[in-house]
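Here come two complexes built around subunit A, the first alongside subunit B, the second alongside subunit C.
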Partner chain A sequence: MKQILITLTLVVLSSILIETAFAQVTATQSVSLTVNTVYKIATSGNPGALTVTTGSAGTDALTSVSDNSTSYSITQNFGNTVKITANLDAALSAGYTLQLNLASSKGTSAGSVDISNATSGSAVNVVTAIAKGADASQAIGYTFSALASAGTLASTSKTVTLTLTN
Partner chain B sequence: MNNNAPIFDIPMLHTKHCYQNLQLRRMIFLKRFFLFAIAVFFFFCGTERTYAQVYGSASHTITVVVNTITMVSVSSGTVSMTITGTGVIAGQNQMTVANSATSLLWGVNSSLKKITAQTNLVAPLFAMKLLAVSPTQGTAAPEITLSTTATDLLTNIGRSKGSCTLQYTGVALASQGTGTDSHTITFTVAAQ
Partner chain C sequence: MNVRYRHIAKGFWRLLFFGVIFSQFVRAQGVNTQQVITLQVVELNKIGINLNTVNLLIDQASFEQGQPLPAENSDGTLVWTTNGDNKKITVSSNQTSPRFTLKLIAQPENNADIAAPEITLNDNTIHDLVMGVSRRSGKCRIRLNASATLSDGVGIENHVITYTITSS
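Presenting the complex of A and B:
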């Protein structure tokens, strides 16, 4: 009888000790968050047709036309030396000029830049020193001009590529 | 007729017959005795069971104790998240990534408790938010931004076992650049 009592007591005490030993009021978890380099640039759409329709008598340069209907947005976390370059899919013929002007609140705009002869191998800077962060809905301005001596130009579509690069 | 047959043939046959009779009777007797013995045995067994005598008794006291038990654990010790640019919209500074792959599990047998969460990272580069989703017991607090101060994640946990999904959301601003934060998140069951 005494042995049974001692045994039972030991069992109960062991259970209590075990439960107390494994009692846990905290748990931990390792959580890592990595942010990779992100470059994003997008345009709002296509500008309208740029059609030269008039000029001044006695002047070879016809009256230029502009379009400021589109915009671009960027997001980048790479650094503060990021820039935007622009180029056409193919150069314009001589006597026709396409200028591009990108506004910027995070970088330095180059103003109106002639992109008439800028192709993929010779892209030109239009915004430089863009700081990390986002710049939304910045205006894109196009100005198209032509010389009377260059003659007429049938409707021609050009693809303008804006590249966010470092 | 065989003249060589012994003259005591007849008495010999008689003796043999008597001997067989005796053996038969002995076997019958033994069989009956055996059956009687079995009957007596079962009779006494039944009697003992019916009229068992109590010659003494004893009792003892058993003490059982259930201590306060509080358990909390996570389904996996590691969570990894990466903002790669997928899903990032140009023009938006904020970039996010979410993970709901792990769960928090708990068991409490004492009075009302809550579960808090905190990180060991004193100065994280990016914000790490946490929300207890679909708790089976208790009330989920609104999404918290993890800091080194313990913040309520779940409240009103009574005597119960339960679980919830841990929804982490990493928030980075593009203007913050790149980098990695390694948090050790501690979940604590505390008195409410």
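Presenting the complex of A and C:
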């Protein structure tokens, strides 16, 4: 009887030791983290029609018109030398001028930039030295002007491409 | 065999390295967004004159000519701008049967093509003043000359002179 009790005691103690030993077992995982280069730019929509409707007698330059109703947003983690360029799908005829002004809180705005002759091969800088991060809802301003000597212009659509690039 | 595996491993790592570099380069080319803008210039015809009111007072006479001396004002400048084609500028007076004689003398500046350098505004007909106005701004000096004969007597006469840009 005594031997049976000793045997049972040993079994119970062994079980406790085994449980304690299992409680120290660990598992490991290797987690790989990657952040790719992110470039995002978007506009809020299209501006309203820019129509020159008046001028002054004796002055060739007609009264210019502006639109500041749209905005753009960017996000980028590439670097601090990122810029935005602008170009038209086709240049404007002589005597018509389209200027573009992009506000920026993360970069340096070039102010009003003439994009009348900027096409895909000759895009012009409108914002430079953009720092990493996001810049939301920055104003886009367009100013359209015309000379009387250029004549009238029937309603014409132009596509302006804003490119976020390094 | 080990050497062969070593070469394969080197090639793999080189490929991976240049692949990562190339992918960064491609990504760095930039992204774009587009806006469509609509541009239009409507036909504009603008004309103006700097003097809205001119008083011509005939109060002198010439003993030699035996007639009152004309009164003249040459301070007027007519300016215009048009982006249309084949326009002309006309002038008219609202006086249908004036007692005194009012002449308008246009002196061209900057390529104005004067149709009639001197126009007598003795009825309310429309006279061509400047022809061949297309897509340009221009101006001309306007001289107004009022004259009267002794037989015209005395009095006050008002003219409303209208300058118009219109199709020729």
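Following the convention adopted for this analysis, the second predicted complex is superposed on the first by the 141 of 166 C-alpha atoms of A that agree within 3 Å, B and C clash if a C-alpha of one lies under 4 Å from a C-alpha of the other, contacts with A are read in each partner's own complex, and residues count from 1 in each chain.
The criterion applied here is as follows: contacts are C-beta pairs under 8 Å (C-beta built on N, C-alpha and C of every residue); 3 or more make two chains touch, one makes a residue touch a chain.
From a predicted model like this one, the values you see are computed outputs, not experimental measurements.
Asks: Figure out whether A:143 sits in contact with subunit B (first) or subunit C (second), or with both, or with neither.
Replies: Neither: A:143 stays clear of subunit B and subunit C.
Asks: Of the partners subunit B and subunit C, which touch A:125 in the superposed model: first, second, both, neither?
Replies: neither
Asks: So in the superposed three-chain picture, is A:35 touching just subunit B, just subunit C, both, or none of them (first/second/both/neither)?
Replies: first
Asks: Per the contact definition in the header, classify A:117: touching subunit B only (first), subunit C only (second), both, or neither.
Replies: Touch status of A:117: no partner.
Asks: Name the contact category of A:161: first (subunit B only), second (subunit C only), both, or neither.
Replies: So A:161 only meets subunit C here.
Asks: Please indicate which partner A:78 is in contact with in the superposed arrangement: first for subunit B, second for subunit C, both, or neither.
Replies: Both: A:78 reaches subunit B and subunit C.
Asks: In the superposed arrangement, does A:27 touch subunit B (first), subunit C (second), both or neither?
Replies: After superposing on A, A:27 lies in contact with subunit B but is clear of subunit C.
Asks: Counting residues of subunit A in contact, which comes out ahead: subunit B or subunit C?
Replies: If we count touched residues of subunit A for both partners, the winner is C.
Asks: Taking the superposition as given, does A:69 touch the first partner, subunit B, the second, subunit C, both, or neither?
Replies: After superposition on chain A, A:69 lies in contact with neither partner.
Asks: Per the definitions at the top, what is the overlap between the subunit A residues touching subunit B and those touching subunit C?
Replies: In subunit A, residues 36-37, 39-42, 72, 78 are touched by subunit B and also by subunit C.
Asks: Across the complex, what residues on subunit C touch subunit A?
Replies: 24, 27-44, 46-48, 79-85, 135-139
Asks: Note which residues of subunit A are touching subunit C in the complex, please.
Replies: 36-37, 39-43, 45-60, 62, 67, 70, 72, 78, 92, 96, 98, 140, 142, 144, 146-166
Asks: Which part of subunit A faces subunit B closely enough to touch in the complex?
Replies: 1, 4-5, 8-9, 12, 16, 19-20, 23-42, 72-79, 131-137
Asks: If you look only at subunit B, which of its residues touch subunit A in the complex?
Replies: Within the complex, subunit B contacts subunit A at residues 58, 60, 62-65, 67-74, 76-85, 88-93, 95, 97, 102, 104, 119, 125-126, 128, 166, 168, 170, 172-190.
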